[in-house]
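Below you'll find the structure, written out as structure tokens, and then a few comments.
Chains: A, B, C and D, in written order; residue numbering restarts at 1 for each.
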Amino acid sequence: MSELHWKTAITDVQPNRVSLRGYPIDKLMGEISFSQVIYLVLKGELPSPEKGKLIDAIFVSSVDHGASPPSVLAARTVASTGAELNSAIAAGVLAISRFHGGAIEEGMELFHEIAGRMEEKGISEREAAADALKEMKKKKKRASGFGHRIHTQDPRTKKLFSLAEELGLAGKYVRIARAVEEELVGLLGKSLPINVDGAIAALLCELDVPSEIGNAFFIIARVPGLVAHIHEEKTRMRPMRKIHPQDYEYDGPQEKEI
Amino acid sequence: MSELHWKTAITDVQPNRVSLRGYPIDKLMGEISFSQVIYLVLKGELPSPEKGKLIDAIFVSSVDHGASPPSVLAARTVASTGAELNSAIAAGVLAISRFHGGAIEEGMELFHEIAGRMEEKGISEREAAADALKEMKKKKKRASGFGHRIHTQDPRTKKLFSLAEELGLAGKYVRIARAVEEELVGLLGKSLPINVDGAIAALLCELDVPSEIGNAFFIIARVPGLVAHIHEEKTRMRPMRKIHPQDYEYDGPQEKEI
Amino acid sequence: MSELHWKTAITDVQPNRVSLRGYPIDKLMGEISFSQVIYLVLKGELPSPEKGKLIDAIFVSSVDHGASPPSVLAARTVASTGAELNSAIAAGVLAISRFHGGAIEEGMELFHEIAGRMEEKGISEREAAADALKEMKKKKKRASGFGHRIHTQDPRTKKLFSLAEELGLAGKYVRIARAVEEELVGLLGKSLPINVDGAIAALLCELDVPSEIGNAFFIIARVPGLVAHIHEEKTRMRPMRKIHPQDYEYDGPQEKEI
Amino acid sequence: MSELHWKTAITDVQPNRVSLRGYPIDKLMGEISFSQVIYLVLKGELPSPEKGKLIDAIFVSSVDHGASPPSVLAARTVASTGAELNSAIAAGVLAISRFHGGAIEEGMELFHEIAGRMEEKGISEREAAADALKEMKKKKKRASGFGHRIHTQDPRTKKLFSLAEELGLAGKYVRIARAVEEELVGLLGKSLPINVDGAIAALLCELDVPSEIGNAFFIIARVPGLVAHIHEEKTRMRPMRKIHPQDYEYDGPQEKEI
């Protein structure tokens, strides 16, 4: 045991035995889903079936959003130079930063701050949201997780919230997110609806996920989408093509039923 | 429409509508699991329930394997410098390369080659495996996906194969992987059992996944594990510590039942 | 010309003609050094011969500092997995972050702030430094660019400052850096000498480089060092070895004269 | 001394003393240029003044080539998301791969192979080049380092070769590169002139640089260019803009004299 000896509480690896947060991995395999094991590895405990279902929906909601997000463009650009798959994925992940995907962490911090104001001052969601937004306005900061370039009624937000209601997981933070949405109308004179990042932020608060790993949920969800784009770039396009950031069209299958 | 106009078949994004490989994303949410949507986005079709279950088990099997793999060490090293979460993940992904995770793609190629020999020459799994291994030996190449530094009977391999049998998904490629394992004993005079990469390689062949994205399954599975290590590094360790690559111990929860 | 048309002031590329910030590149080649062209491309103007010489010394000072910095360990870890050269470099660059290399940008901001106080209040370097440090102490912030784990009299700092004196380039910011060093003794009761990052920070302020690209000077300097380590790892070590972060020794050539 | 003890021959770091390949770093500072120290750290020896001058010209030649190379587009895309400087640089470096920058390593291997044929068979540059190209044609491989999308007479190639002649450093490998150029005319029925990558490949062969680090010279040269683009993107453009890969114009200074 050297002076550099250290400890970790994630995974115990012994000859012919691997345990994840205490659970033998071969007992988890076939029993719980990938989403549930992600929750386990990040939070240290297995989710309830309801939470497991909600996490699945969160990951499904963010797996891909077409070819124009900068993470996809960075990944395709690198893939186009003949780079290895993992290099192209890494480039895509590097683009999931403050203005792209970063709204989850910032949204969670806002919702926590509003919750803190409610408790401290004994005020309502609307009052606390109004206070927080006024203060942000003074500092010229914008609320993260509201408004979308393309969607006015994001189908993902709607589904995430209705599912959370059904599963009994929509509580204080969903109410806070809605209070912010309502207060923003008065403040800005126009509607800036909760976007998918804002909805995920509220739900991760409900699930008691630390805000510092909020963006990780987006990154984990989006890596498979990046892989699909990288593979399409490598197999369908010629190397070193100039990749137009918006002049493309979808030519995949027509709308199907599950 | 410019001269750079291009086409993609992955996701169709319209105002207030997002469709993944033809399926409206809000219809997928709450209905299918994250693993299943990964299969959908990569393969272009929904998996059967059996395939969905097997894919879940593949992802669960590879979510983490302790702190010593180079991807974890690279990610923790970068995290320790105060870098953002996504930078540390990217560094980890860059370490999932030829000798770490790369065995899946190489294993798939070997199994496909053996399948090709069987068909072409009308020979058995064992005969084709023997031929392929002899040729590799001449070129001083080693079979990827066999042998493990720590495990002699990897619990993950065993579970993956038993699950595939149960689900009716263990076919030609599982037989080929076993034939290689058996032939290796004779060739090397010692046992080099199928490791988890080799097992995943065989199963991805069964699922008709292109070998070029074989490693992507490992990367997708491991990103959540990297996030857990990065978060532990940032919250439990002091910045810029010297990270010993093997002198650490597990101090998480004792073995639990699900 | 599309709606996405944009402008750049760095390089003009025409058939058989390439101009860098207005200078034909083939006229620069053979006439000015790499360091000088780096200054040109970053600042938009050619440096004087004196400034050119100082920049050379800055880059030389930071090209390598042994195998223990996290950038080297991250790069070697990735190289050890069989990754491409550029992937290993990228991993190394990702480790040059807040606590490793980041002191240049933070040091520059501190020195600018002190210069601002001097001008605003008509006070001396020492007085302004004392004020700034007191305020930082209240916020529990530490002065970046002072103190070193190994060196008490860093030979690189000494040389950088003596060279700047000789070249007539040591002015207000070098005085400010020294004032901070002196004030720190009183404040902390021990000496925390200017380190190489702090010295570079002061000199980049003298050269009127924007602080936002201060760290870039370190990154540019260190990439060649990373390449040397990656190449040594790939040619001298076996793949996937466990890389101890400090138990190594130097076995290169004995001390030589130029 | 643990079982993981290892050795490195690059830099010796002792308290108050840093030696690079045997040379005290403070003796190098102010005496030799950044280019020369790069050569030292990579090759283990100081270059002659002539070699030092040629290396400077090589680095100057490749510092930037406008905004359309994929490394610049990847770096700008990541910068545009609000990412840190080092993340954007890393993304740019990941794009310097097989089809972008990779021609140097491949060119060096081709020239070495031709030199090997000459020696083995006692034939001329032209004969050996013709043989090598014929064999490549059979395997449907193209000669790396010849032809350019924009330049028919690349000013950088011309200058690199004339400088190498002047400095007495143009020998066998420059002759081989020219022989390949000449043979290509006959083989393809059109001229495919040596491009800047091909010229650098020939000169790095003359300097006895290992081909495995050939691309490193391009990466080292281009990182400052990437920094200039990242800084311009962050200071001149709005975040998350759509970056058109070719519809841009240069609006920097008019052509100047040195």
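FYI, a residue touches a chain if its C-beta (ideal position, glycine included) is under 8 Å from a C-beta of that chain, and two chains touch if they have at least 3 such contacts.
Please read all numbers here as calculations on a predicted model, not as lab measurements.
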| item | value |
| --- | --- |
| Centroid comparison with chain A (C-alpha atoms), farthest chain | D |
| Comparison of A-B and A-C by number of C-beta pairs in contact, larger one | A-B |
| Distance between the centres, which are taken as Cα means, of chain C and chain A, whole angstrom | 35 |
| Computed distance of Cα centres, chain C from chain B, in Å | 40 |
| Chain A and chain B, separation of their C-alpha mean positions in angstrom | 23 |
| Sequence positions of chain A contacting 2 or more other chains | 2, 4, 68, 83-84, 86-87, 90-91, 94, 96-97, 242-246 |
| Chain-level touch network, classified as line, ring, star, complete or other | complete |
| Of all residues in chain A, those that touch chain C in their complex | 4, 83-84, 86-87, 90, 245-246 |
| Complex contact set, residues of chain B against chain C | 2, 68, 70-71, 73-74, 77-78, 80-84, 87-88, 90-91, 94-100, 102, 239-240, 242-246 |
| Chain C-touching residues of chain D, taken from the complex the two chains share | 1-2, 4-35, 37-38, 41-42, 44, 46, 53, 55-57, 59-61, 63-68, 84-87, 89-91, 93-94, 96-97, 101, 150-156, 158-160, 163, 210, 212-213, 215-216, 219-221, 223-225, 227-229, 231-232, 234-235, 237, 241-244, 247-258 |
